[in-house]
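Letters A, B, C, D, E and F mark the chains as written, and numbering starts fresh at 1 in each.
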Amino acid sequence: MYTVSVRDHFMIAHSFSGAVFGPAQRLHGATFVVDLEFRRADLDASGIVVDIGRAGEALRAILGELNFRNLDDAPEFRGRNTTTEFLARVLFDRVAAALKRGDLGAEASGVSAMRVTLHESHVASASYEASIS
Amino acid sequence: MYTVSVRDHFMIAHSFSGAVFGPAQRLHGATFVVDLEFRRADLDASGIVVDIGRAGEALRAILGELNFRNLDDAPEFRGRNTTTEFLARVLFDRVAAALKRGDLGAEASGVSAMRVTLHESHVASASYEASIS
Amino acid sequence: MYTVSVRDHFMIAHSFSGAVFGPAQRLHGATFVVDLEFRRADLDASGIVVDIGRAGEALRAILGELNFRNLDDAPEFRGRNTTTEFLARVLFDRVAAALKRGDLGAEASGVSAMRVTLHESHVASASYEASIS
Amino acid sequence: MYTVSVRDHFMIAHSFSGAVFGPAQRLHGATFVVDLEFRRADLDASGIVVDIGRAGEALRAILGELNFRNLDDAPEFRGRNTTTEFLARVLFDRVAAALKRGDLGAEASGVSAMRVTLHESHVASASYEASIS
Amino acid sequence: MYTVSVRDHFMIAHSFSGAVFGPAQRLHGATFVVDLEFRRADLDASGIVVDIGRAGEALRAILGELNFRNLDDAPEFRGRNTTTEFLARVLFDRVAAALKRGDLGAEASGVSAMRVTLHESHVASASYEASIS
Amino acid sequence: MYTVSVRDHFMIAHSFSGAVFGPAQRLHGATFVVDLEFRRADLDASGIVVDIGRAGEALRAILGELNFRNLDDAPEFRGRNTTTEFLARVLFDRVAAALKRGDLGAEASGVSAMRVTLHESHVASASYEASIS
């Protein structure tokens, strides 16, 4: 199995609901450094997993939808805690949709799985990984 | 599959038995930077894999049992080489026991697998991962 | 010249005023990973620059004043842009005051300079350094 | 499952064929920081996955075959794009062959899988992983 | 003294002349991860050292002049070894010229010193720093 | 001012004397990841600060004197706390002596200052820097 990974980041404000979050129930924020991994069993004719240039652009565009925002005001997240693990899944779904739309090129259809990891500090991270149906 | 990871460290002295270890047969020591990963298929009602605050406290308590010790003097490791990979397993078992005791909260019972990685330098690390039965 | 450095982090929300900030004029947030460096010409009688345990506790206490807050609501920052470089100075001044109060121990009076660095992502950081008068 | 990982690096020149590579079609180069992971279900009698000293030497020898070379001139890669993911596979195959020859010691025959990761910058990496038959 | 730092990278081929370089006399290549630091005594009216957006764009443009090239073919480096430390100076001079041209904005004229660091691997780096006259 | 830096590591056991050290008064150990920086005003005729190959070998030899040892048994450190900052100075002095002996080559006599940094974990480090007389 081959994997290719690209990294970028975004910066948001948010707050959490629930006593489990302690002081993180207050409005605060985070920088998320994002690693996006693409997996496939065989390389394409060019010898790549995915066009890393287009992958980086797709990631940047998707992070741009969230970057410099207060996620508490985002209608699509209403009633949800935008935890690091939750956001990993949100980004996974958006990249998977981009992949299906062909935003990463026709050859990228060979990608069979992805993993999205969000590093929220030097000591904590979360990720979501799944097959691409 | 979701993963959440927390990091901490501990510092110990030890020595190894066996020609394969070369100069590491002498009493020396190591800093181990530990990444503890929790995995589960779905998030709990709060939108998390595990309470990261309690996870960090549990990890700190478990590392505290080893921190600033000479492992050659630890009765529980008598006759064993406390290699990086061996210690990854020791920590895995202790965190798994804490999880079962409920130290990480009732919701943490949804955790289905864990991985413990010990970085012993900028060029070497070892880990142990398994399902939680 | 000797230097000792300790690392911790904090997570805040804020917004900036001024066209130079572009989309960062919106309410967003950041994780700041903080490196606090203490400098002195000679070691104390114990062979240290500063008691690293107390240094870490002092840093944690000072970051705790800002952690999980919206800095736009902080009276002490009214009318100021809480940029990374500005916050580096704020932290410098607060650690310097702690040092003078003796929070880091009597021996820490030998510290002659400090540097505070805030890493806001994997690609950007800012710092403030100065002598301790 | 246990994993042990060692890190080293090599520096090469190369160029790529195909419009998908854009400016990387020109002769350029890369530093590849390599993480080589060995996996096995149980530790050997010494308490290790593999002799980390011999593993490091084997990796260094294999990287030495490529280090400080222009891969466009390497007969074994004629007609192939030496992409990061392709090179991860090349290194995997060469380490697997070394393992089978016994270069890592008789005990290393217990290794059941490997992963080779090449970091080409602070924002991009690729890997190849497979079972050892 | 305040410092702001931004990071980017470039990938080149080159070779060196002189027995001191050993196998690096052959055509090979490198990824250089670049940290560009700007220093000034006081913040500007916006509370910044330099517009980090423009600084990043300026750095990207300057690295673009070298990226994906064989430096052995660059007329401006004829007869010179393009070592890591030499390239740190080249980048310093080009950023300093951009600063003087006003590419980073009028406020950036307050920058009094810069440092450029090139990381060529996980174990080696070089830098050049100087005042801006 | 130019700087070149090389990295290596060593692993030791030791204990400290003095209540300020708390549990670190017990025999424990550490991995120290070492960054060794050489500084000079101008490059030599080859375009380098120092022969990085010889610098790496010199560092490895000097770390080899301490590696895999219990520093409490080292006669040269009797009655001293082998703290991270103290060891930074020890290494500085040994590298400076090697430099004067010509171990790094005749051209290395142009080095005017050095800095030695020891990273003892992901959150703590210490260094010693000085001019070379």
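Operating definition for what follows: a contact is a pair of C-beta atoms (placed from the backbone, for glycine too) under 8 Å apart; a residue touches a chain by one contact, two chains touch by 3 or more.
Remember, predicted model here, so these are calculated numbers, not experimental data.
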- [ ] From the options B-F, E-F or C-F, choose the one that repeats interface A-C, i.e. more than half of its residue-numbered contact pairs are shared.
- [x] B-F
- [ ] Please state whether B-F or A-D has more C-beta contact pairs across its interface.
- [x] B-F
Open item on the list: I'd like the angle of the rotation relating chain C and chain F after CA superposition, in degrees, nearest 5.
Closed with: 120
Task: Copies chain E and chain F touch via same or different residues, half shared test - done: different
Task: Separation of chain D from chain E, taking each centre as the mean of its C-alpha atoms, in whole Å - done: 30
Task: Between chain B and chain D, centroid-to-centroid distance (C-alpha), Å - done: 27
Task: Residues of chain E touching at least two other chains - done: 7, 122-123
Task: chain B-touching residues of chain A, taken from the complex the two chains share - done: 16, 18, 20-22, 80-86, 88-89, 117, 122-130
Task: chain D to chain E touching residues, read off their complex - done: 7, 9, 11-14, 23-24, 26-33, 67-70, 119-123
Task: chain B partner contacts - residues on chain D that touch it in the complex - done: 1-8, 43, 46-49, 51-53, 56, 105, 107
